[in-house]
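Structures follow.
Each of the next two complexes has chain A plus one other chain: chain B in the first, chain C in the second.
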Partner chain A sequence: MTGKSQLQIGEIVAVLVVFFMMSLIGFVVYFSIIRGEVQDLTENAKSLGSVGVVKIALSLPELQCSENNVVRESCFDKAKIELAKEDPAPVKAYPNGNLIFKEPSNYYFDLFGFSTIQVKQVYPDPNPPNAVWTIYDNNIYGTPPTAQGSGFQSNIPIIIFDPGTRENYFGVLTVISYSR
Partner chain B sequence: MKSRKSAVEMQFNWLFVMIIGGIILVTFLGFAMKQRDVSEDLTKSSIASSLDAIISSAQSSSGEVSVIKVPDEEMTFECNRIAVGNAAKQYENLILFSPKTIKSDSIITQTMSLNIPFKTANLLFVTSPDVRYILVGDFRKDFTKWVKESMPKEAVVDAFYSNGISPPPLAVEKPFNEIENEKHSKVRFVVVAETDPFSAVPSPFQDMEDKDVTKLVISGNGDVNFYRKSGTGWAAASIDLNPTHQYINETVIGAIYSDDKEQYKCSMGNVKKRVQKVTDVYKKRVVGFATGTCGSAYTGVDTSLNTISSFALETQPNIAAMITAIRSIIAKNKELQISSCPLIY
Partner chain C sequence: MELFGLAIVVVIIIMATIFVLIFSFNKAPSEGRKEFIESRQSSAFINTMLKVNVDEPDCTGILMSDLIRLCVQSPPANCGNTDSCDVAEDVIREILGKTLEVWNKDNYYFTISRSSDTDSPIRYFGTICQGDKSSEEYHIPGTTPAIAKLDICR
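Let's turn to the complex of A and B:
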C-alpha cells in the first residue's frame, strides 16, 4: 500500500471520526431535550394527580355534605369526618386526629394512591385549637404526614358543616401527593 | 504491477466504505425502529393514562356524557383491569361497565349516580359509536321507557317494539322484525319484555362473527340474562342474580353496556363493596344523632340501613327488602326535615 492510499484511508477515518462525533453530540442534545420534556411531563402528572385526588376527596359521599341528596360543593360533613374518632384500631395515631380510610385492605388506594389527605378547621378557632383530621395517609416515604417530603401539596379552602348544630366553619383541605 | 495494486486499493476502499456504510445504516435503522416501538408504546400508554383520567373524573362527577377522541387501538376491559396493547392499568375496585373490547377512534363515556337513597357511587359506562344497541320492548311502560331514555343520544341506540303488545304501539315505532344490519362492528340486542322475541339470531346478523353479537334479556322482574351468538342461535350465560326480585335500575344499565357476564359480575361486586362502605358511614353517623334531642326520631333507621348494607354481603340479595328499606329512609328523612332534626342524607 502506498503512502497516498494510506493518506486516503486516513482522510476517510478522520471524516468518520468527525461524523460519529457529530452524531454523538446530536444524540446527546436530542436525549437531553427529551429528558427535559419527560421531567416537565412528570411534574405536570404530579400536579394533575394531586388535583385529581382533591376532586375525588371533595366528591366522596363518605365526606361530602348533602341535604336530601342535594350536594354542597367544597363542603365536608363534620359528622362524617369525626367518625375517625370511632375507628377502633387506626393504623397510626395522631395527636389531633385519626384516620378513617387507612385500612389493611387498601380499599381507597385506587382513589387516593400515595397521598396524605388532611382537613383542618381554621375559623372559628376550634376547641381544641388546630383541630386536624387526617382522613387518609399512604406516604411512600414513611415520614410523618405533617411533613411534605417530596410530595406535591395542594391546599383548598372548604366549608365544614356541622349537621347537628347546622353551623358552618371555614377549613382547609390539604392533599399531599407522593411520587418516586 | 501498479494497475493490479491500484485495483486492490480500489477494492479495499469500496469494502471499507461498504462496511462503514453498513454500520451507519444499521445504527440509524435500529434507532428509527426503536423510536417507532417507543412511540407505539407511548401512544398505548397515553390511551391507558387517558382512560385512567376518565375513570378518575367519573368518580367525581355524575350525569355526564362525553365523546372522547382516542387513537384507533384495541382497548380491553377486564375485571379491575384496562389494557391497551402492553400498557395496562390494574385497579382494586373498578366500577366500569363496557363491552369487553373496543376498537374505535372515539369512545362514549356516561356516568350515573347510584342513589339508594343517598349517593353511594358513580357508575361509569363506556362504549363506542361502533357498537349498536337494539332495544326491544314496550316503550310506554315506565321501566322500558326509563331504560331507553337513560341511554345517551351519542350512542347508537335503536328502539323497536316487540310483537303482541297491547294496546298497539305508535305508528312511528317499528316492529322488531324490521331490524336491519347497519354494519356496525358490534351489535347488542336488549330485550326488555316478558317474552324474548329472538329465539334465533335475526337473519341480517347471522353472518357476523359470534363474538360481535350479544343479547341481554331483562325480564319483567328485573332479572338479567346474558347471551352470545352461537352460529344462528344463542348460547346462554345466565348470571347468579336473584331471579325473583327486581334489580336496581342503574345497574341494569350497566348490564346493557357489559357484553361479558364475568366483567358485569366483577363490577357489581365492586358496586356492592362501595354500597357497604358508604352505608357503614351513614350508620355510624346516625348513631351520633340518635343520642341528641331528636334521638327518638331515628328509631328504625339503623334497621333500614342494615338491610341496605346487607346488599353487599349476600350473593343473592333480597332486592324487594332493600327497596322497602330505601323507601323507609326517604320517608324518615322527610319527617326529620319537618322536625328540624339533622337529616340522614
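Let's turn to the complex of A and C:
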C-alpha cells in the first residue's frame, strides 16, 4: 500500500514537472516571437521616419521655387541653394560641397534628425562637374556623408530652376537617414 | 493512462508551436517605404524630365515636352538640324544613365509613344517588366498627343 501511494505521488510530481517545463518552453517561444515583432516594428518606424524627412526636405520654403507667389512642386531654386557659397566660414567643408544649414541647430534637427541631405545636378552637366550641394549634414558616424552603416537612402528627381537663365535642370535630391 | 493523455497534449502543443514559428518566419517584411519611394521616383522622374530645358549642340533651350511633341509628329520634325527623336533619345539616355541605372534599378521600362498607338512606342529604354511594377504615365497634349510612361519593376 505504501509503495502504491508513493508511485501515485511520483506520477503526480512527474506530471507537474512536465507541465512546468512545457510552460517554460511556451513562455520562451512566445517572448522570442514578440521580440522579433518588436524589432520589425522598430525597423518599419525607422524606414517610415526616413520617408518623413524626404517629404519635409521637398517642401522646404528655404529652397523651393516659386513664381508669382505660386510654389512649384518638386523644384529647388538654384539661387537659394548657391547662397551657401557666400558663407565665409562653413562649419564643415566637403569637396565640391556647400553646407547650407551649416550647423544642426535645434530647429533643423527637429525636422531632419540624424540625416544627410544633398542636391546634385544631373542634366545638363554642372560646372564644376559632379557638383553636390550638401544642404544638411548630421551624420552620426562623423565621416563624409555616404550611404554607410545603418541608414536609408532615398533619391528623388527634382527640378533645379535657375532664375538667372530661367531654365530648368534635372537634379536629384538624396536623403540619407541614419539609425543607430 | 494519465501519462498517455499527457503525451498527446505535449504532441499537440509541439505541433502548434511549429506552426506558429513557421508563420512568424515566413511573414513578409513591410515595404511601405520602398513602395512610397518608388512611386515618388516614377512620378517625379517623368514630371522633372519633361520640364527640363534641353542643352544639346544645335538644340538648346527647348523643353523636353516640346521636343517630344516634335518627335511624335508624323513625320518627326527637326530641332535645329537634328532629328528631334534622336535628341530626345540622347537626353533621356543620359539622364537614365545617371539616375535609375546608378540606383541599382536596371529593371525599368520607359517609353514614349503616341496616344493613339501606345503598343508601338516611338522610343523605349530598358526591358519590359515581367512581374509587379510601379508605373506612372504622363500625357503630353498637342497636335499629336503623346504619352511618356515609366515602369519601375519590383
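We take it that the second predicted complex is superposed on the first by the 163 of 180 C-alpha atoms of A that agree within 3 Å, B and C clash if a C-alpha of one lies under 4 Å from a C-alpha of the other, contacts with A are read in each partner's own complex, and residues count from 1 in each chain.
By our rule, a contact is a pair of C-beta atoms (placed from the backbone, for glycine too) under 8 Å apart; a residue touches a chain by one contact, two chains touch by 3 or more.
Computed from a predicted structure; not experimentally measured.
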Based on the superposition on chain A, does the combination of chain B and chain C result in a clash or a fit? fit
According to the stated criteria, A:Val38 is in contact with first (chain B), second (chain C), both, or neither; which is it? neither
Which superposed partner A:Leu111 touches (first chain B, second chain C, both, neither): first
Taking CA centres after the superposition, what's the angle at chain A between the directions to chain B and chain C, given in steps of 10 degrees? 110
Under the stated touch criterion, which partner chain does A:Leu7 make contact with: chain B (first), chain C (second), both, or neither? neither
Given the touch rule stated above, what does A:Ile159 touch, chain B (first), chain C (second), both, or neither? second
Please indicate which partner A:Lys80 is in contact with in the superposed arrangement: first for chain B, second for chain C, both, or neither. first
Given the touch rule stated above, what does A:Val28 touch, chain B (first), chain C (second), both, or neither? neither
Could you state the shortest Cα distance, in Å, between chain B and chain C after the structures are superposed? 15
Please identify the positions on chain A that touch both chain B and chain C, taking each partner from its own complex. 48
Given the complex, residues on chain A that touch chain C span 11, 14-15, 18, 22, 25-26, 29, 33, 36-37, 40, 43-44, 47-48, 50-51, 54, 73-74, 122-124, 152, 154-159, 167-172
Chain B touches which residues of chain A in the complex? 1-2, 5, 8-9, 12, 16, 19, 48, 52, 55-56, 58-59, 61-62, 64, 66-69, 71, 77, 79-80, 82-83, 86, 106-107, 109-111, 163-164, 166
Contacting residues of chain C [partner chain A, same complex]: 2-3, 6, 10, 13, 17, 20-21, 24, 29-30, 32-34, 36-37, 40-41, 44-45, 47-49, 51-53, 55, 61, 63, 91, 94-95, 98-99, 103
Can you check the complex and tell me which residues of chain B touch chain A? 5, 9, 13, 16-17, 20, 24, 53, 56-57, 59-61, 91-94, 115, 117-121, 273, 277-278, 281, 284-285, 288-289, 292, 333, 337, 342-343, 345
